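Here come two complexes built around chain A, the first alongside chain B, the second alongside chain C.
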Partner chain A sequence: MRRSGPNDGDFSGRYRAPRVLVPPGVAEEEQKLQESVLRSFGSRAGRPAGLERFEQMVLRPSDFVGDGPLVGTFCNFVPEEIVEAAGAVPVRLCTGSIVAQSIAEQVLPRDACPVARASFGAVVGGLGMAPHVKALVLPAACDAKRRLGELLRDHVPVIALSIPGRSDHRTELGYWLSELGRLAQKLAEITGRTPTRARLRDAIMRRRAVQDAFRELERARRDSPHVLTGSDLAMVAAASFHADPLRWADACGQLAAEVREAGRDGPLTDGAIPLVMTGAPLLWPAWKLYRVIEEVGASVVADTLCSATQRLYDPVQVDDWSRSGMMRALALRYFSASLCPCFVDSTAHADRVIELAREWQAAGVVAHNLRLCQLFQIQSARLRHILRDEGIPFLAIDTELGPEDVEQIRVRVEAFLEMVKEQGRTQ
Partner chain B sequence: MRPIGTVRWVVQILAFCLIIYGGYVFRGSLGKGILRPLEAPDGSYSTTRLPRSSIAWAPGDKPAMDFYPPGGACRFNPGGGLFKACIIHMVSENLTWQTPLKYLTVYLFLFVLLAFLVGRAWCGWVCPLGTMGDLLNALRRRFYVDRVNFSQGFRKTLRICSYAILLPTLAVSAAIGTPTFSPYQCYLFLPYCQICPGRLLCPLFGGRSSTVADFTNGVTSFFTIASWIVLGLFVAAFFLGRRIWCHLCPIGLVTSWFNRGCPTELRKDPLKCNQCAACSDACPMGLDHVAREKEATVLNDAGCILCLRCVDACPREDCLSLTFAGKRLLRSKYEATH
Partner chain C sequence: MITAGIDVGSVATKAVVLRDGELAGKALLRTGAEPRTVARRAYLSALTDAGLDECELPSVVTGYGRVTAQMGGRTVTEILSAARGAYAVAPHADGVIDLGGQDTKVIRLGPEGVVTDFAMNDKCAAGTGRFVELMGSALGTDLDGLGDLAAGATEAVRINSTCAVFAESEVVSLIARGVSRSEIAAGLFAAIASRVTALAAQVGEAGCYAFVGGGARSRALRSALEAALGKQMVVPAHPQYVVALGAALVASKD
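So, the complex of A and B:
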């Protein structure tokens, strides 16, 4: 796994990162973890059959990935169209695996962000698609990710993307565009294919199938929001991390048709309390929050998670099909459209949460606050205040990836739902 | 992919043909008796009475209708055009002629009414100069050359320049109407028209050509060369900078006074906006308040030509919409490409 490279411009090669010993049997352990999580979700009656394809994509990503050299990505900030235009196949390596997290603990402190630890562990431990990637694109969106690059570059070539502190297109677009230009150039050096205008155009048109299919699914769900549960939607999104966009879009289109069909026969699991989920990503397979919510009779109908809706919702809206025009459209899509709390202004995030709660007639909003991620934790303090003024019930769950606190979470979610029902009765 | 944009092209081309060629088709059949033509008093110059070699000389054709709508209807249209002229022409001409206000009231009232109803949509959907510019813009896009992006400060400067064109135009026109300066009428009549690119471009689309050069003396040479420079800037601005020119246009400036408070409104539901700025990328006037706004729901702005490219570009259902007198006419929606 250890690769030594010349100074690549992003990081100095003078010092070495600590070695990581991969314990034997982690791959099997990871497989077991994923299968057990899947079993806990897959047994619901009336679950659309179309979800099986997504489960396959999540469990056996290498069967569904596109052809070409793989380039790993972290976060939601990496324009996958640029990776594709450079002749590579983007695979998102973010994970919530506690197996991966335990590998990282040899190097990273226990007080580091759990997602950063797990994703780091997956790369150095060679889990999932990580051993196959030729390079890794790492947006420095938060403190943890900013520091990971130096540790990872001894394992795989890392291209770092610097994210401006505010998402204002007027002041920051130029800088962000220069970062994307550098990304295109670095990728071209690795793959030998320059992202030309025609290639960028093809990639944008191809990737657009993802948003088309996801919006179609969203329209289908509108009439019958409970045919799919929050975890089903998360499965659909998790599959898109690795799967070829056209195959994913095809599966998503079929699922949308099935949801529409099921909606015609009347709602299947009517009675589930609709909730909106916001906060830190709920990355596969760390889905205990979905499980608890579904087990106590609620369901996430909409979310702002970069592991789910935020990954699939926003299209690249090209105004000018020149190369720089397309780069600008990509820059706006992956930057201005983002609701990430790493930016100084989170008005758009609060607006989206309120809007989703109204649009889906949600009974309340649940914030997933990943412990040790200050960005989400502090944001949730303000959000609580905002939502109280709007009269929308709000519950913040501060947790990590492991299953230790499932019962505590269950108690809190149950109490929250009781309160919501009580409010519903008195109104 | 962009449905409103397609409709707009159709409207623009139709309006272009009507305004430019309407004189040939409708002359003599419209406007008789409804709108009394404004005529130059004895001893004054009018475009038809100027010598042929003067650059403000217009081919003698009568327009189909003696009417001055917002947007770039031009006195120099071949065949007289459908309408008589633009508002700048009308005001300049009548200041020089010292036409009594009572004769102008009906024209001014109609202008204000039309400008008030739809604001600068005249610029975005009707003005033939804008349509020519959009064709130049389409040509650039065809070659996959990216546009030049101008700063907000530059746009503001252009608006100030626009006033710096409008006010001297009116002052000069009024001055040469007085007995003291009346000898200069032959040089300074319609001072803005003399440098306006519309005067040179509109006749190109018909059988008549206007006077492109007059070097009889210093004043006429100045206007001749200035008009060439302005034409060059016009073509370059529209080819490279989308509608940047329209921030400078004095006709657009006058129409823009009615943009706020008019019943045609560009609206936004701020809750639905995640500030992706697809609208500001699509805006040919280069405005970014549509993306930036997080509180107000009415987004009418002096610079907005209501082309509705932002509504087309917005990928969020119902976030942006166009309303007339509170009634929603158009709204943004996600357009699937596959």
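So, the complex of A and C:
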């Protein structure tokens, strides 16, 4: 495998310093953590059996991953179709694991974003799919990710993807397209396969199955939103990080059918209070907020999280099936559809949150603020005032990945539900 | 009708007995590590204080330890209880500031004392009773002692750290620099007031605040808050029992 030189636009390969001590037994510890989080959600009557396949995909990703060299990705900006057209299999490595996070502490300061720390720790600690990847694609979305690329370069080849500073496609699309062109070329250097027109088309068609299946699930949920909880939906999304797209789409189609059936035959509602979730990603297995919300009698019905709905919702829309036409469609899908505060202004984000709250008749909005993920935290202060003017109750939860503040979170969420009930927003 | 409310806080457990809407008995104990036992003991002493024999009144448990300490009855959060209690003792207040041991809350009330919004400190201790306790010990005194010190200050030193641990080091270095304890104490109250003001800004300014919780016993803290908010506050007769009172009111509505 070729290492790129210092001046080709990626992080310099001139120095290498890959020294990290991986404590013995971390893989087992990680497995235990994931299993215990899964158990903490317990079982409930009427839970669709189809969810079990997604749990397996999350717990044993290597059994469900596609064939071919693996390329690790981060964030929601990397067009998986381009990775596949280059003959590689994309696996998204973002994680909320506190086991991974503790490994990162050897290198990264404690005052770095918890997701950056955990994701870095998973790569250097060889957790999950990370030890099998031939290269990483790392969008420099935030400051932490920018530096992470340099550090990870010591362990595995990294293709750095620059993100435009704002999400205006009229001025920024040209630059983003050139970055994606460079990505295609870099991937070809690694895999020896150029993403040609035919390969891009095949990849787009394959991935379309994922988007179609997810849309189908969304339609089914709209008619009976109570059949799946917020954590169920998050499990479906988390499974898509690694699983082969066709196997995932097949499981998702079956789940959608099951949701429809349960909606037709079962009770109209289970009484859970519907909430919209926004803010920083709730990455598996750091799901305490989902758990608390469900334990106190509410459920997330819609979200703007890059770890959940935002990852799967938008289809790639190709008008022109030339290679450049497809690259343009991909550029727009992974650019305009994003709500990441690293380049989307907070008004556009607020618009979407309000739209979701109305569409899903949510009783309120909860913002997940991950400490040190400053863009979301800063945005949340403004969102609170915007939503108040719109008459939508809002709760911000400031937290980190670990379980230490579950009781503090419970008080806040419980008080929030007491408040919306008292205001008569739920029946 | 006679009901009871028990507020199991992180530092103190408070119990009240309410007879036809009037406070008939009360008790306060340190919570410690056995919230269930302490809640029961506080309930029994409040019964005695109300002149009642041991019996099982309709009761609601609230506060940080509500789930562990609940006696088979209902629980509500301390936010709802504080709102109910404050509305009962200060019906004209449309805002509540509750400064407790581990949490500080600002609650906005709508018509009939309905909670319309609330904000709490994030999980760090800045601006809470714990913060006051730590700073007091750094200055070799307690809440009342800090108040006396602050009363004698001509100027307040600015405390920049919002983290309790860092603020303690800051206090230690201020002492080392020869800044008077009075000025430091005044600075600490101003620092807490500024944290509370930030929470108040989140939920929107109220016309009149009721100040409750253990912190409300401190005249110095009240003055610092009034200065920071630019408003007079109402401090009820027994500010520490307002949350327990709210829980007893919830019990009487059941």
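Just so we're on the same page, the second predicted complex is superposed on the first by the 407 of 427 C-alpha atoms of A that agree within 3 Å, B and C clash if a C-alpha of one lies under 4 Å from a C-alpha of the other, contacts with A are read in each partner's own complex, and residues count from 1 in each chain.
As a convention for this text, contacts are C-beta pairs under 8 Å (C-beta built on N, C-alpha and C of every residue); 3 or more make two chains touch, one makes a residue touch a chain.
Here the structure is a predicted model, which is why all the values come from computation and not from measurement.
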Touching partner for A:Arg221 - first (chain B), second (chain C), both, neither: neither
Which superposed partner A:Asp398 touches (first chain B, second chain C, both, neither): second
First, second, both or neither for A:Arg388, with chain B first and chain C second: second
Touched partner set for A:Val411, first chain B, second chain C, both or neither: second
First (chain B), second (chain C), both or neither touched by A:Ala329: first
More chain A residues in contact [chain B versus chain C]: B
Touching residues (chain side chain B, partner chain A) in the complex: 141, 144-147, 152, 270-278, 280-282, 288, 291-292, 294, 309, 313, 315, 334, 336-338
For the chain A and chain B complex, residues of the former touching the latter: 167, 169-170, 197, 205, 208-209, 211-213, 215-216, 249, 314-315, 317, 319-325, 328-329, 332-333, 336-337, 339, 347-348, 351-352, 354-355, 358
List of chain A residues in touch with chain C within their complex: 371, 381, 384, 388, 393-394, 398-399, 404-405, 407-408, 411-412, 414-415, 418-419, 422-423
Residues on chain C engaged by chain A in the complex (per definition of touch): 64, 76-80, 103, 110, 114-118, 120, 122-123, 202, 204
